[in-house]
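In what comes next, chain A is part of two complexes: it sits with chain B in the first one and with chain C in the second one.
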Partner chain A sequence: MCFAVLTSFASSATAQQSKPEEYQVKAVYLYNFGRFIDWPAIANKDDSFTICVLGRDPFGAVLDATLAGETIGDKKLAARRLGSTLEASNCRILFISASEASRMKQILAAVEKSGVLTVSDLPDFTISGGMIQFVLRDNKVRFEVNLAAAERAGLTFSSQLLKVATDVMR
Partner chain B sequence: MTGGMTMLTTMRRAYLGALILLVVGFNLGMNLPVAAADSEPSPDPQSSQGSLKQLSLAQLGDVEVTTASKAPQQVWKTAAAIYVITQEDIRRSGATTIPEVLRLAPGVEVARIDANKWSIGIRGFGSRLSRSVLVLIDGRSVYSTLLTGTYWEVQDTVLEDIDRIEVIRGPGGTVWGPNAVDGVINIITKNSKDTQGTLFSAGSGNFESGFASVRYGGSNSNGLSYRVYAKGFERGAEHHFDDEKYDRWRSAQGGFRIDWVKNDRDSFTLQGDGYDEGAGETVGLTNYTAPYSQVVTGTEYLSGGNVLGRWTRTFREGDDIQVQAYYDRTNRYEPNFGDLRNTFDVDYLQRFHWGTRNHISWGLGARASQGHELEVTPGLYFSPSTRTDQLDTAFIQDNISIIPNRLTLELGTKLLHTNYTGLQLEPSGRILWTPTETETFWGAVTRAVRTPSDAERDFYLSGYIGTLPNGTPYFARFNANPNFQSEQLDGYELGFRHLFGSRLYVDLAGFFNEYYNLFSEDITGSPFIENTPPPTHYLLPAEFGNGLQGSTTGGEIAPEWKPASFWTLKGSYSYLHMVLRRGPGSQDIGTAPIVEGSSPQHQVVAQSQFDLPKHFTLDLTYRYVSALRSQNIAAYSTGDARVGWKLTHHFEVSVVGRNLLQPYHVEYASDPAPNVAIKRSVFGQLVWRSKEN
Partner chain C sequence: MIKLRDSLSKKLTAMNMLVSGGALLLASSAFFAYDFITFRANLVANTSTEAQIIGSNAVSPLIFNDSKSAETTLSALRASQHIVYAGVYTAKGDYLAGYRRDPVLQPLPLPASILVTNELSRFEKGQFDLARAIIFQGKPVGFVYIQSDLGAISDRLKSYAIILLAILAASMVAALVLSRIFQRAISQPILRLADTARLVSREQDYLIRAPATGDQDEVALLVNAFNEMLHEIQKRDSALQESERQFRDLADSIPQLAWMAEPNGNLFWYNQRWYQYTGSSPEKMIGWGWESVHDPEILPKVRTIWGESIRTGQPFQMIFPLRGSDGTFRPFLTLATPIRDGEGRIVRWFGTNTDITEQRRSEEALRQTEKLAATGRLAASIAHEINNPLEAVTNLVYLARLQPANVQKYLKLADQELDRIAQITKNTLGFYRDTASPSSVDISEVLAEVAALYSRKIHFKKITLQPEYGEGIEVTGFPGEIRQIFANLIANAIEAIMDAGTIRIRAREEQSLDGRSSPGVRITFLDNGAGIAPEKIKRIFEPFYTTKKDVGTGLGLWLTLGLVGKHGGSIRVRSSVRPGRTWTAFSVFLPKFGPAGSPISASENSKEKETESRPS
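The block that comes next holds the complex of A and B.
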């Protein structure tokens, strides 16, 4: 993520042991999205519930650590890194990294019919048709939902999830 | 006397020598140290994720995270020449006043006139009043409509509580306030929730006689946080060649800030400050009787306060409304005039998305500034002596996403109306192109205006020129010019930013500015004899006019390099070429070369920030400013150094040396007294925090 790279020398702050990093919390959100959203009943070849990261990976080991040993329903959670949208239809959740900023619209078009939950922190993501966009408010990680896009893909959001979203586009 | 001086010099040398040994010793002793930030072992990811997974969704949304900071994000995607001075830069620079901090930004000329006055400009036109730069503190404009300028000696706050200073070179475009012609300086303090607990800071040195600040911040569990602070200082005189040490400066200031986050949508801020200062200066007094012109030393008595309230409602990311109102009071008593001023301001700002491609911002602002001018000496007065200046502004801007995340076009305009001028339009067009993740190109075309002030329209001033051979004194009388127009700028800019790997970043900006109707001093007629007040004297009639025009060309390059995790090098080189001339038909007395020669052509700033082991930091700054030709001030090179030591997580001591490379040097002409030189100074400081920030 180019901003993270740039800011590695913006401030030599001392380590804040008590505060988790932004992507630690986002990884837990991805896990929670899996628990609070229902996917359409489609024949699923995999035994696993896959969360994919497309583009430069801002999570690293944190995502795998979050999913290790967890299950949703009877499916084991797994993380995968993708270089292109070709394998994206096997993913339940697709996190689109900021490195893919210029291809955002093409990626959304490519996975539109695949029943995949699209998540990103790119600006204008939900406006462009993405389903969940992470935003930072007061240094806290929150998210906005484009419910119309999610429903077009056949996904059902639990009301508990919608309640905590900062904005829901219907 | 000489013996004592030698002893002092020897002691100083010994001290410097010990300091150098200390630093060299540590450098030799270290083996590629790991910076303090990296030395903490990372906690086991699975266990920390485990505890986060236990949280409910609502709790997860309440966890404060450390994040890629926002500052570089603002810079990267901004189609303007912006530089952000971070709190870390401020702390490590050893600066004790806001003008000294501004030296770190490219394109900003900061020249210290004496202990309490500075000449500041952006891309030229620096002056004691910084007439073409808009300065804001937390959204409050600190620009006085009396003389259209900023009095830097009354702009202060607890430096440790400044979050960042955004410096924009060039016309501010539509979003910034009125009179942002050559640049904008936006000083942003931290939200009170980031300034919790007690902070105590104090220090003393040979020039900084004594300074102290104390701040306390608290909060409750319902989203309310606050802070209160008090600070004071005394600063000694700088170096005076004639030993008239008139520029001593003392100040006492206090203030508060309350922030309330009501819910996801609404947040409120209320803040205020009050100050009382005395600053020494010299002024020229003109009399129709001998002696016709006198230089007197005196004290400026400055006091005032402000209170500001703001409400922000956020609908979604990028869609919000902000309403702000403030009241500002300044009292200024100088030996030759007085100004008592009340300012009221209300602003409304809204942003929203329109479709998938347009992000629109628009706003309205109204300001009323009522001033009462006191005539303290004959020959300097305002007529009328009480006037209310009104400034109404509106702006609209559209950010058009032509290729999402790659090519953006910003089109907008500001509308300006004052009690002096009719409706004026300030349009602006900007383009931002990000072809890859690691580089950005931007360009801008902008029109900006500086509206007239009381000084041009209402001000009467007599100045003594000389005595004729027959003994009759000869004065220039500047009369108020009710037809003074706005100064105008058409600015053309280009910029480029590139990230080389993860360690080197370069920001480049170039500009060509065309100026029209610039301030001039015009002769309006032939000299004539006047008999009252007696004795008989000759007068040369003059007025402030719009008789100059010209252009400035230049650029700035600002690289930032991190050769190691514990070492950052950053700096800038700024170049300015100014050409001014009389406009057609102008009777200007010849001020163009004076203005041209009052700005340096070249400036260099280079900073080295070291994190040493055992919680030491060493920061070195080198500064070069080329000559001011029309003021006969030579180019100078000087440096600052700061050694800091964090004894505990709560307590830091530091020793700062400023202007170290020579015992004293002159930066700007002093008027009317002889030039004052800025002297080498050292001070020690300790900072204690109850909460590690």
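The block that comes next holds the complex of A and C.
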């Protein structure tokens, strides 16, 4: 169901670039990153797989709609909006909104050892120690990976994921 | 000759080649078929594995919509020559990325059926199609579609064909060489045998033998059997030649002319006597050449009777003249018998011609002898008959001299006696004065004359002569000869009676009994004399056969038979020697209108055919 949405979007995304469709693709990617990454055992904090958004939410209802009814392994997917990094310990994936550009380094430092996958579309995010950064290439949503940051957090990236990344920093 | 040699060798060689070639072809076909099936199975397995690999490598490109990465993955298929096309499609069936062996080709659409079945594997139009869904973590994320051509198979086929041709060619050469070698063992002895057979049939020489092969095989057996057969043929041949020589010797040494004819009447062989007599040659005589030595006037009749024999298969018998080398004709009795095979079919005719000139001559001499004897008897008879009246005349002359008064009376009586003498003389002369052509003969008159001739003897032996016939019974014939027939038969009857007896003479007109139903007269002479024993009765018509050693010549009945035959008639005898009731009956049948055709030739035939003797 969500693939249908994804593919129909992907084929039309190149034609007309608009914010809501871009974030719909990013929402699907966010959830799919979870399928190519292994978290350390200690990170299994509760029964649900939580995707958190820090800062001003660019997804809106799209994220919740994408995650509804989906699972990774045997865990149900859930979306949460955070007010501060203190709440990020229960998150598997943390999307850092563009509104948090000024605080990016502090946020990254705060979650560095908590086994959370950090994702953002902020420029220089991976260079700054973020793990996955959305980029646009030929009007398509692609992403860069900072593998060293992921390894520091104890996360293992699948080679399949690295294969489709536009750039991998080691 | 060369041809046969070639054909046998060629057959052996061809057989070798066919066998080795056929076996090779069969084996290669089996290998190829196995390989073909295996190859297809391998192709399916390989393509399936490739699809599997492509599928698992295309998961993330599909999920993250990365056609470049997918293309990179697919480009690895360049190593698989057989893959024409491979494509990765989204779960909806949209094209994401593809690989084309030939870059000018357009991406292919995903076969629609895969959306339903999730799996597709088919051989079609010389290619193999395989499509399968890509499953990631239990969910389908897209499809991979691979098209393979079967070029590899046909490449393999081609290389197989080349190898096969090479092997076949090598095998043929090997077979050729081997068959040349083995031919010596098999075909050479047979060919030598064939040469011998040819030589034998060409030279007709059954002394030739096939050379032994020195082996112990069937060919050696054949050679032995052939030689034995030759030996047997040689034996039979010489036996046949010997038999043939004996037959020729026999055929050439008999006094008769002899010949053989085909069932259709063509004469194909004559003995040497024939050629000697006719002065002819085999070339002139073959077939119907014999007709040239026949009397042209009689030839049509000969042809008719010969044709009749050929048609019916009845033995041929005829007397006809044949012209000798000196141009004169001599009479021949000709007999021809059909020779039949085991099934009764006539295979040939064997005929002989017997010169009967001498027989005729001796028969004539016999006739003359009997005539002389008869003349003697006649003289005696005349002497007897005229003795009494002469004595009477002598007495009467004497009495007239003694009694001149009674001269007239004695002269009258002497006149009567002289009349009797004249009558006797006249009758006697009538016997031997014969006409040249047949005339009407009164049977009763002739019988009376004959009876008168023997009246003294009849009276002397106290025989009663009972004539049982009317007057005016006539036949056409020679009066003198008919008289002689009757005289002979009456004389025999008188001889048969020792002392006192009866001779009954019957004459009546009737139809002949030989089926021709011609009118005639039957005259029967029945006496109650001694009778003739059955063993004698068969021989009484033979010349020189007599029961009256001192008085008979043995020619009487033989002559009688001849005379009856000359008239176209027949004679029959029956007799009884039962004690107390002995009798003999001679019965002569004379045709009313005389002998048919030439009197001479008719007499020859009738003697054989119409004589009938029946002892009772």
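What we mean here is this: the second predicted complex is superposed on the first by the 148 of 170 C-alpha atoms of A that agree within 3 Å, B and C clash if a C-alpha of one lies under 4 Å from a C-alpha of the other, contacts with A are read in each partner's own complex, and residues count from 1 in each chain.
As a working rule, a contact is a pair of C-beta atoms (placed from the backbone, for glycine too) under 8 Å apart; a residue touches a chain by one contact, two chains touch by 3 or more.
This structure is a prediction, so every number in the text was calculated from the model and none was measured.
Enquirer: Using the superposition described at the top, determine whether chain B or chain C touches more residues of chain A.
Expert: B
Enquirer: Quick one: is A:Pro123 in contact with chain B, with chain C, with both, or with neither? Answer first, second, both or neither.
Expert: first
Enquirer: Now for A:Tyr29: first (chain B), second (chain C), both, or neither, which partner does it touch?
Expert: In the superposed model, A:Tyr29 contacts both chain B and chain C.
Enquirer: Counting only touches as set out at the top, which of chain B and chain C does A:Thr66 meet: first, second, both, neither?
Expert: Only chain B is touched by A:Thr66; chain C is not.
Enquirer: Does chain B (first) or chain C (second) touch A:Ser114, or do both, or does neither?
Expert: In the superposed model, A:Ser114 contacts neither chain B nor chain C.
Enquirer: Is A:Val164 contacted by the first partner chain B, the second partner chain C, both or neither?
Expert: In the superposed model, A:Val164 contacts both chain B and chain C.
Enquirer: Should A:Ser48 be classified as contacting the first partner (chain B), the second (chain C), both, or neither?
Expert: neither
Enquirer: Kindly classify A:Lys140 by the partners it touches after superposition: chain B alone (first), chain C alone (second), both, or neither?
Expert: The answer is both, since A:Lys140 touches chain B and chain C.
Enquirer: Residue overlap on chain A between the chain B contact set and the chain C contact set?
Expert: 3-4, 6-8, 10-11, 29, 32, 36, 140, 142, 160-161, 163-164
Enquirer: Show which residues of chain B lie in contact with chain A when the two form their complex.
Expert: My answer: residues 35-40, 43, 45-46, 48-49, 52-53, 55, 57-58, 60-69, 71-73, 76, 86-88, 191, 193, 261, 264, 314-318, 353, 356, 359, 401, 403-406, 434, 437-438, 499, 502-503, 505, 560, 562, 568, 609, 611, 692.
Enquirer: Which of the residues in chain A end up touching chain C in this complex?
Expert: Residues 3-4, 6-8, 10-11, 29, 32, 35-36, 140, 142-143, 158, 160-161, 163-164.
Enquirer: Considering the complex alone, what residue numbers of chain A touch chain B?
Expert: 1-17, 19-22, 24-25, 27-29, 31-32, 36, 61-62, 65-66, 68, 70, 99, 101-102, 104-105, 122-124, 127-128, 133, 135-142, 144, 160-161, 163-164, 166-167, 169
Enquirer: Which bits of chain C are touching chain A when the two form their complex?
Expert: The contact residues of chain C facing chain A are 57, 59-61, 63-66, 69, 90-92, 94, 136-137, 139, 141.
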